[in-house]
Each structure stands twice: as C-alpha cells, then as structure tokens.
C-alpha cells in the first residue's frame, strides 16, 4: 500500500518526557522515530518548571527544526512533542500540535493522537456558551472542558472532561507541575511508558521511540487509564471503569514500525504471520514472492517462508524520492511515477510472481505496480493482500471517513483483479488476521478493532453515526 | 557498509539525451535514478541548437532544482546532467558539473565520472603555458587539451586529447551539434546507451536510469570507444586500440543500484551469488540471517537461500534520516546514531544472528551494529562480509586515496573481530567474488578491477604511483 | 529620533476594502504604504462571500508575501489587512493580525490598531468563565465580548462589546456579509475612508494608503463611530455619544507618513510649522540647519525657512541598511553604527550646525549623531527638538509603557545637553506644538492627546492606572 | 533619475584592506557603504598569509552574507571585496567578483571596477592560444595576460599586462604577499586610499567607505598608478607615463554617494552647484522647488537657494520598496508604481512646481512623476535637469552601450517636453556642469569625461569603435 497516491494516513504520533536533562533533544529523537505516523507538521513544548515554551511548524521534523536555535530555545527537564498528518487544505500552522494554551495565571500544552466522535457536538455547545476555538482540530475540546469544570484539582477536572468525550484518544498534557497521560476506554491507539537510566519517564505512541532514546519499557497504557507523572513519580488512575480493549488492527497491518511491540507483540513478526496465513489460505503456483517495499516486506517474507518459495527483491524503492520532486509535463507523468518504485528485471524476468501487499485502500497504484512487473518480464502476477478487504471508514484517528474512497467497498474481488490487471487476487481472512496478531483476549472477542473489514464499530459513533 | 559515517563515495553519475522533447525533464528523471552515485551537487546543461544553458548547485537534485523555473529555463532537445560527490571542504559550486565553457564563438559542456591519474602533471604543464583553470576538479583538463589541439574537427581534437590522459573516465561532451561519449581504455566505470520510443538517444552511468525514462538498452559502451550522437544518428569510433576490460568490482558489490544491469549482469543477482558463495566458503551455526539495510539485503538473502536459514528483517533503517538531522549534545550522540538503524527485538531476541554486510571500508559502524543486535537480545553475532578485505585505495574514481583510512589494511581479521565485538568474522574470497559476478572474460583474467583487494592496479598510476 | 536603537514603535496599521476585484492586491498595496507603522508581522484576510481565507507571518509585508501564491490564494472582493509591531520576545505568529476566528457556523476576522486599557481585567473575567484565548494580544477580547452578547444582530453585539472596552482602538471587522469599522471615543488613532473609481470602499490608518490604491478620501472616521460597509453601501452609527477628540500628537510629530493628511491637516506641513515655531522660540547663531533623516527633514526645512539659514543635507541615511546586517565584533560595533547614518563632511566642516530632530524618547543615539557631526568638522552643534520633552508613557497604542525608558523624565535639559555633547539643547513648547498642528478644536482644549508631554491623560487608565 | 525602470547602472564598487584584524568585517562594512554602486552580486576574498578564501553570491551584500559563518570563514588580515551590477540575463554566479584563481602553486584574487575596450579582441587572441575563460566578464583578461608574461616578478608581469589593455579600470589584486592597486591612464573611475588607526591600509571606490571603517584619506589614486601594499608598506609606481585625467562626470552627477569626496570635491556640494547653475541658466516663474528623491535632492536644494524659492518635500520615496515587491495584475500596474514614489498633496496642491531631476537617461518615468504631481494638484510642472542631454553611450564602465536606449539621442527638447507632459523642460549646459564640479584642470580641458553629452570620447574605443 505504501505506493498509493495519498494512501492511508495515521493522524499522529506523540512523545513525552519528564525528569531528564535535554528533554528537548530526547523529544526530538523520539519524534524522529515516530515520523512515519505523521509528516505534515511537528512541534515540541518544553517546560523548565517556570514557563512552557513551544516551537512548531508545517513539514517534517527535520524541516521544522531546521536551525539548532529552534530546539535549543526549548529549555527544561520535561517536554511533549507531536508529529501530525493533516488532511489536504487544512495544513495550517494553527492545527500543528502540541497546542499551547496561555492563561493569565497558568499554561497547559496538549498533544493528541486519535479522533473524537462527539467533538462537533461539544464544540457547538461550547461556542453557544461564548467559547472561541483557536484551531479547527477536535483536540482542543478537551482543554475547554477542563476550563469549565468546577472541580478543584487538574486531575479531577481532567477526569470530568474525559468522561464527556468519546472516540479514540491518546492524550499527553503538560503543565509546569506534571505530565498527564490518558487513553480512551477502548485503547484504540497504542501508548507505552518507559524509563531512562537516570530515572526519568518517557511516554510514546510506539516502543520504537523508547528504544530510540535508550528507555526501557515499563508499562503499556491500558484503556481508561489516566497516568500522572511528576517529580513525585508515576501515579496510575482509572478515569473510567467501563473499558474494553479494541486496539486498531491497522496499527499491526500497516501503521506501526516493524521494530515496535504493541501490547507485547512485535509488529514485524505479526506481519510475517499474516503473510504465512495468507499462504496457507490460498494455493497458487508461482516462482518467487515479492513484497511491495517497504511496508509489505515482512508479510512477503512470511509468505515465502510458509510457501517454500524464494523471497526476492523484485521491486526497489528510490530512497531519494521526496515531496519536492518536480512534476514534469503530463506526457512525462508516467515516467515520473517510475521514479518511486522500480522493478528488478534480472529478478522478475520470466518468473511467475506472487506479489504481496499489506492492504488495499484506494487501489490507485496496484495496476501500476502489476504493469511494472510485467514490463520487467514477469509472466504471471498473483496479487496477495495480507489483510481482509478494507470496506469501512475509520472514525478513531485515521483520515478515511468516506466510504467512497475505498475500492473494496464498491468492487468485487473479480472486478478489482480486472482493474489491477493481475492474474489472481486474494485477501487474508478476518480469522487469519486475528490469529496472526494473536492478542490474548477472551474468545470470541479478539481485543482488536476490526471495523475496517466488517463494519462492526466498537462504539456508538455520535457525530459520525450517519456515515456508517 | 551503508551505515558507516562517511562511507565509500562514488564520485559521480552522468546522464545525457539527444533528440527528444523535454530533454531537461528526461535528464532530471535520469539523474534522479542516479542520485545514489552522488549527493553533494547536481547540474544540467541543455542545448536548443543555438545556445547551451546551465543550472547547477550544491545539494541533492531535488534541492538544486527546488523551483520549476530552474528546470524550465533549460530549453532544447538535448542535454547532459551530472550528480556529484565531492570531498569535504571542497564542496564549492565551481566544481559542480556539468562544466560549461563559453568561448567567444562556441560552447562546450562536460560531465565526467571517474578520476584521471595524470591530471596534476597535465595541469601543471598547461599552467606553465599560461592556462588558467576554473575548477579544482581534474575533469577540466580534457577541455584544455582539446583547446590546444591543432586538429581540425572536434572529434579529431577529442581523440588527440583522450590519448594524453590516463585513469578512469566516462565522459559526456555536449556542443550545439552533438553529444560525444567516451570511455577509458579499461572501462573502469559503467556506461550504457539506450533509445527512446521516439528514436532519441539516452546515455547513462547505469541502466536503471534508462528504465526511469522508458528507454531500451541498445549498447553497453566498451573500453576505448568514442561515440558521437547527432541528428545524423550514432557513430562509434575507437579512440584507442589498446584496451583491456577492468570494470570496477565495487560497482557490483556496493555502488550500483540493484535493478541496474552492468555489462548484462543484474547487480542484485550478482550480490545474491556473493552471499551464496560466502555461505559456501565458511560454515557457521546460526538461527537467522540478517542484512545491513539497504545495500546488503541482496547478499543476505543469497546467504540465507544457500544456507537454508531464514532471512529475517532484523535491522530496519529510518527512511526519514536526512543530513539536516540536528546533532544533539555529546552525551546524546549515541542515541542519535540509533536514529539511523534500529534492531527488531522481536526478531533477533534469543537468536544466533548471521549478520551480512557488503563490505568493510573504514569499519566505523560495525561495532555499533553488533552492539545494537546484542542490546536487542541476540545471543551470538557472526559477521560475514560479502566481499574480500578492502586493503588498497582507488585512483579511478572513488574517494579513498589513502591507505590509512582502510581498517583491513592495518588490522588482521582476528583484530577486527575483536574491535567489532562479533563472535566471528569472515570475508568472501577473491575467487568467490569473481565467480559471483561471472563476467565472461578470458581466464585467468577476470575483466574486473580487483585492486581494492589485491593491490594489483591494472594501470601505471602516474601522479599517484607513490601512494600505492 | 529615527536613529535611536529600538525607538518609538507604532503598534499597527490597518487597511480594508469592500466591493472591489483584486481586493487582495489592493490590500497588499495599501499595507505597503502603511509599512512604517509596523514591521514585525503582516497579514491579510480575504472574503469571497462564502469563506474567509488568511495568510500572515512574521516579517515585512514583502517577506510575508514572498511567493505570489500566498497572495493569489486570498480570493474575493473584500479583505482586511494589518501590519504589526510586536514587543521583543513576543514576536510569535499567533499574535500577527488579522486574527481569523472560525466558528462552527461563521467566521470573523479582526484587525486592531491601538491598545485597550482594561483588557487584562476583561480577559481575567472571561477566563474565569472558561474562555480560552488564542493570542496574547489585547485585540482578541473584543471577539469574546461579541460572542457572549445576547443581542441579536452583529451590529448590536458589537455596540454592546464596544461599550465594555476602554482605551485606544481603530477596529476593522470582516465577515462574509460586511466590513465593520469602529473608532474609540477619543479618536486616538487616525482612520479614514475612501472610495475607488468603481465605487468600492477603502478604509486605512492613513490617507497615504488611499492615494496608493487610487482612492478618494470621503470621510475621516470620528470618535465613537461604528461604520458598516456592505453591498448595500455605508451606514454610519454612533456606538457611544460620550466622545471627545484627543488624537495622538505623536502621529503628527513622528509616526505618520509626511504625505498623509490627518483630519485634513497635511503631516509634512504641520512638521514644517513645528520647525518654524521652534526657530521662533529660541534664538541661536548658526550657519546651517541639518535634519536627522528621514523623519526630521520636514521640521528642519521649516526651521531653516523661518530662520533664514540654509537647509543643508549634512547627514545621509544608508538606504540598504536592513535588519539582516551582520553585527561584527565588539571592537567594530562603533563602525557598524556608522553604516546607518553618515555625515557629509563637505557640508558640515567648519560650520555651526543647528541639528533638528523630531523628538527624543530614549536618547540613545543623540550623542552619537552629535559626535558624527563633530568628527566631520562641525564647530558647533545646537540640538533643537521639534516637540516638547517626552516624559510620560503611552497606553493607547504606542509601545512605551515604562517611564524608566524616557530620558526626559529623569534628566534636566542641562543634563541631557551634557550627555549628548551638544553646545545647546532646546525643545518646542506645548503651545508651539498645538499651534503648529492647528486642529480646529475649542480653546483651551486642543483636540490632541498631549499626555506624552504633560501626563494629562484624557481617560482613566484602568489596568495601567498605577503606572501613571 | 532614480525612479526610472532599469535606470543607469554603475558596474561596480571595490574595497580592499591590508594589515588589519577583522579584515573580513572591515571589507563587509566598506562594501556596505558602496552598495549603491552595484546590487546584483557581492563577494569577498580574504587572505591569512597562507591561503585565500572566498565567499560570493548573487544579491545584495546582506543577502549574500546572510549567515555569520559565511563571513567568519574568511579569516586573515587582508581582503578585497566587490559589489556588482550585472546586465539582465547574465546574472550568473560565475561573474560575481572578486574572481579567485587557484593555480597549482599560488592564488590570485581580482576585483575590477570599469570596462575594458579591447577585451573582446584580447580574449579572442588568448582563446586562439588555447586559453579558457571561466567568466564572461572582461575582468578576467588581466589575469591571463599576467599568466603569459615572461617577466619575473608579479609587479613586472602586471605592468606588462596593464600596458596591453585599454579602457576604464580600477583594479584590486590580492595575493598572499600583497595587495596591488591599479588605475587606468585616464582615471575614469574614482579610487582612494586611506589608513586605519592601527596603521593598516584601506582602498575604496569612494571615500564614504573610508569613513565607514574609520579610515583617514591619505591618497586619491592617480591615472596610470600601480600601487603595491604589503607588510613593508605602500609603494607607488607608474605603469604608464601617458596619462590624462578624464574622470567620469556621471560619478559627480548621479553615481557617487553625496558624502563622498572625489578628487577632493564633495559630491553633495558639487550637485548643489549644478542646481544653482541650472537656476541661473533658465528663468522660470514658480512657487516651490521639488527634487526627485533621493538622488536629485542636492541639486534641488541648490536650485532653491539660488532662485530664492522654497525647497519643498513634494515627493517622498517608500523606504520599504524592494525587489521582492509582488507585481499585481496589469490593471493594477499603475497603482504598483505609486508604491515607489508619492506626491505630498499638502505641499504641491495649487503650486507651480519646479521639478529638479539629476539626469534623464531612458526617460521612462518622467511622465509618470509629472502626472503624479498634477494628480496631487500642481498647477504647473517645470522640469529642470541638473546635467546636459545624455546622448552618447559609455564604454568605460556604465551599462549603457546602445544609443537606442537614450531618449535625448532621438528626441528634441520640445518632443521630450511633450512626452513628459511638463510645462517646460531645460537641461544644464556643459559649461554649467564643468563649472559646478570645478576640477582644477587646465582650461580648456576640464579633466572630466563629458562624452555622455558631447560624444567626445577621451580614447580610441577599439572593440566598440563602431558603436560610437
């Protein structure tokens, strides 16, 4: 799927640190490991115990922090950071997180991964009371709810506010006194806490970011938890008792980095098992197994191992391909696409290729990749997708909220096979996926959000209920 | 080897086109496919039949051509382009190619991949005659030799000049009338010619660039050839009869893109055979085979296939790592390195890892990678290098001209094994390498320049003779 | 005064247009004429009848709109714009105006020139009700007050809100239906309305911006007016009846562009009369009259005309001096200052110079200019200031709110004369200033805010009352 | 003339320093004072006694040296610098000076103000000998001539080379051992030498640059001089005895900064005398005298003083006008021009204006300025030009080499008056100009190059002889 034009986009990665020198640099390193979760904007807020300072902008992390002074200015021993994906047209700096709120007597910074399902309703209610929002993101609602709470402590205000919102969220809140961490009641998004050698705490969307700063995993945040980290240590509270794990299955299939562990399960290994299950489910005669780089390589190697066929590097990705690539004239558009992926003729020529892709969302580049292999001499191309048919939008933090965009929602497998020009096309079954991930959850409930594939949303959808 | 700090650097990629609309865009696309051959500077000269125009600058191709107008200004149906690596401190724009020479009555543009071994001597002689050089690169010498020739036609002048220079070179020369292509008498550097569907000609350092613009390979340029492409077609001359193929073995081992074919041999496949031969040469008990991404993945998969062990993605590379990454404080330096490569714990934990790298030059990052695997739980790390010990500098176009920089020139295998912290260390034999590449050259002579490994330089070294 | 390091800074210029094609370009041109009123940030909001769009950033107007697409994206027939001065350390993009507020069902944009005196109190009250502010500027308060109003129409809400705020303000509000213009009850800031040939309306802080877009002045906005411009034309309301003109005298003395007319009085001509009155008030024997470029040239020529002495170009300003000028080492600091102003030796050598400056605020560069003239050979330097002693801070829109910064508040004329190294020093009297400006207001009240000189603030100061 | 679109452009300013710490910064400061002599490119070469280092680029000085490291990298106690004007289309970095030539055993840097009249011929001859030029500027010829000289010392080579070239030149040459300064045999361009307090030497195109670094004038370089500055002090030689002063009259009229002294004559004062003589030559009834800012203000004040009419600021220039100003649509083009200059209505309304401009070259903006004044209410506009009719191109260093561009070469005064829409038009006489400048040269020969006005070129024109 990694080659689709505007493919599926995660809406964020968050990272936080408390109690460490160079909190700014640690956050920079952590966010760099989470860059795959959002490339449209990045920001950091640091806290020196007196004042919170921020720097954020549109672009990749390294583009945002293009000058050392931007990072150096963020002094203090704690910080939170965010990398963001924003839908086209709304890539305005106001929406880049962390959001920093300056009140006359205090400051709060907020970083959010996920999507609220009742934000529109809440926002309307707050506006009717005279509230003004500074961003068009749903993330800001939480702060307004905290602000109007009559409770006494920030933790109490926070619990009251969390009980008013619905949907998917992993929140980091930073004040001069503490770093607060909250996860929604279904645990839609992964979130882990680690410790540094010096004793400081680190929170991150994925464990690869803990590794990046040399932190050791101490806790995977559980649904409904509210964790407060301060100079007194870490306190775990439960903001709600009504919890039920439903972690996003696409994190395992596509989003997360292969070296991350989600709830103790290594992502690369889970993907290998998806590929292996795919090989078991459908028999086909081929000569080599080729994965679409880079996201499908794990699944492809699992497929190859299970099928006994050689795993080959039949496609390679141009590592210098960037957004700044100049789009030539229309006539040269096709050649331009060839810049991104190239087929290795010496590998695929004369071969029956089993092409493994992790998932199909819009399906816009499948036909191109199949043709690329045929041009390089492949005599057959059998397309195998290491996840079930993606037919339903997501409302918990992924930017597909329209069924129209999903090819599998409108076309049969046979139709898609014809559109892509492949010799055959098959998808992994839901059971095969659940088995591959292997969460230890009570049967028959898997602990996974599988709504992409079966439309079975774990929650009522509020503002989006009509879009189901 | 791809993770060494300042690893081995190719000194260029060249691309040319004659007789095609959008010659500027085709050259841009072609150079983009050759970006791995040089990341320090890029430029294009285009010819509209009346005038040659140039744009060039320091940086990656997409950075150089950051605005469409830079590329659009280069009008005409023919063009040459260049991507360049330049040694630190000499990254000045004067040395970025193609060099464009404006004479009162004519213009010549020049792009050069390679290194001359008698340029210093020739330059001194020319300066004594009053000549002034505009760049500090050796490439410019050729134009001066052409300029002082008393011959009548440009081709005759060119032949006279080529016979005065020694070393490695693949030259492209563009005038308003023709595109001239010349290869040194040993064919140190690869160079291929293709044709576009409309009949236009394309020349490129690697065949992956022909693929990128949709051209079909029609000829691999042979040692000693001088080829003239004009509106009359392509004429092949021989500027010298004294030729003997000695193509750079490092092109197969490390430099070239896996989807390129060099003299008809697919690079990825050759690397797989190197890995396979490595597995045959040394027996070792392991659980999984892991390659250093990205350059060693082909060799690792060949090793795995031959050994029957699983090929695993035990290391992953951060695709967002760029030069602009801010270097944190010294204490955080180690964590910064972790940004580039990460070990996949779920894969390597508890395993005996056979780690395959394509080559060792300076050896600066081997110890780091071994440690990375151990930190992730590997119980043994056996390092296998898919090429012989790199002990001698190169004078034909690679930027290692000092023996001091080469760890294998000074340390025994046992010493290196200790330095790297690996459980064992072995290198592919010279015979294994020659067999893996499989050039059809007369035995015992392989057709390869193997001087990196045995110090047996195919030519007298002139200015560098004392450095041997 | 123009050469003082961090001299007096106006806090804004505003410009608006309704009912004209290319509203974005007209606003750009208008703001360019108002650039002298604020150089730290600039922005434009345009309205196409459906949606308001904004682009704003830190820097000069031409730096902000560095690419044509930024301006082109702002489509529609109406627009407002703003140029801003922001105090050091608070130059964050959040504070750059116009501020654009996106409500669920509507949008409002706001541009403000001035300073509210009870904003801190109001902000605290609103925060206590749960409101969150997105900027740290006082300008935002108005929108919150509008939002909480129970009135029905925007105009009624606006009138209610305006009656709650105090201080100096010239507001432009843009919605998709109208452009609203409001001036405080004392008219502290100038604001004028003009019409384009096509019938469209233009509003600007100074008339020079009307000239810049080819508009004809139709009305100087009066204290307490609320003007609504829509497709139905212009409607003038009075949001309060309690009005009393007290326009800022420093607009005449220093801020406004010489080609602007304020309340019908040409600024250049008023300055000439200030210089003439200064010549009448103090007799001194000199050879030539020299003004500090550029702000004091009008006053100097008036002085010369009245005194009968020649007006000479004894000082010139480097037109290429910009912020990006690199500050050399400490030893070279003095030479660096010489880059800004230079004395014309051929003019001042051997002369008794009467040096006219428009005002003295911090007094930081007076000594330097006197020395510059002496180094160039002046035998006497008599410093004459074309305004009274500046001894009291401003709370209505100028960035001096601390008495400590004002040299005249702490030093006698004799002391200042010694500090500056001048042969004599005199200031224009208050009467001389009032006479020079010549507003037709009832005697003895002048219609001018003269509080800078006499501490007689026209209003209660609320949040700042203690700072008097 | 300062408002003409692409008006007259000086082709350079040069600055050099020997024997001073911070030579790089002093050169930066000096060039900043000479920025008016060239805004297209800037560069500095510094010498630390071992190595010459350079940094140069297109743009204003502050744009070129946009980061402190660019300037800091230029270490050493001597340096030369250059600001350049380049004709449109040829603004390539190769032509930005100083040019630095790296020979195998030595380095020479060159900065040149002026234009050679036999460069094309010499370049052709050198190319026939096989020489290759790196720039398309004529400046490079000198180095080639030095390089082919058989003389022994650099000074002897230099003298031989200087005797082969013709035209206008002020050369600075820097080697690790000395700074050489040469002026052509007519002294077309101004060039002065000063000393710093610490004893170091400074050379500059204008004395304002000496003032800027705190240096004292010690010598105006004379025609035919070759001056060598080294650690041994300053040695003055004569490279030719055939000299005859013919300094460019346009330096006095337009190019030089008013605070500079040329050959002991203050430029501002000379311009005042031009204005005064203009008033004497033609009688006209008017109310006020207005100069076109900034270049014509001196002449206007001289005119006013002589005529007894008030000198008024009837036009003001927008100090924020830069190249980066976005050009709106065609319909708004006129309004865009209004951004550059504005008429002060309060001054000119109802007045008979005598408008003084320093010169008319292409005449492209005169009509616009006259209309501007009429729109502001002027009842008569009498245009007075403080120099004679500019009818002949320049070949000694100004970028007008085509008679076609000069309006006075093709139109009578009556025709121009009609084109400009002025009520009357008059030009200063040649005698009036010579008298105003007042060089102490033998009558009837004035010591000035007056060829712009009378076509009487002081030298044979070689390559340009046919263009006369």
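Every chain is named by a letter (A, B, C and D) in the order it is written, and numbering of its residues begins at 1.
Everything that follows uses one rule, which is that contacts are C-beta pairs under 8 Å (C-beta built on N, C-alpha and C of every residue); 3 or more make two chains touch, one makes a residue touch a chain.
Since we're looking at a predicted model, the values are computed, not measured.
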Set of chains adjacent to chain B and to chain D: none
Among the chains, which has its CA centre at the largest distance from chain C's? B
Would you mind pulling out the distance in Å between where the CA atoms of chain C average out and where those of chain D do? 37
So how far apart, in whole Å, are chain B and chain C when each is placed at the average of its C-alpha atoms? 61
What is the distance in Å between the mean C-alpha positions of chain A and chain C? 49
Contacts with two or more other chains, residues of chain B listed in rising order: none
Pull out all the chain pairs that touch, please. A-B, A-C, B-D, C-D
Touching residues of chain B toward chain D in the complex: what are they? 93, 101-104, 120, 123-124, 127, 129-134, 136, 140, 143-144, 147-148
Going by the contact rule set out above, which residues of chain D touch chain C in the complex? 22, 25-26, 28-29, 32-33, 35-36, 39, 60-63, 65-66, 68, 71, 208, 211-214, 257-259, 261, 265-269, 294, 297-298, 301, 305, 310-313, 316, 318-322, 324-326, 328-329, 331-332, 334-336, 338-339, 342-347
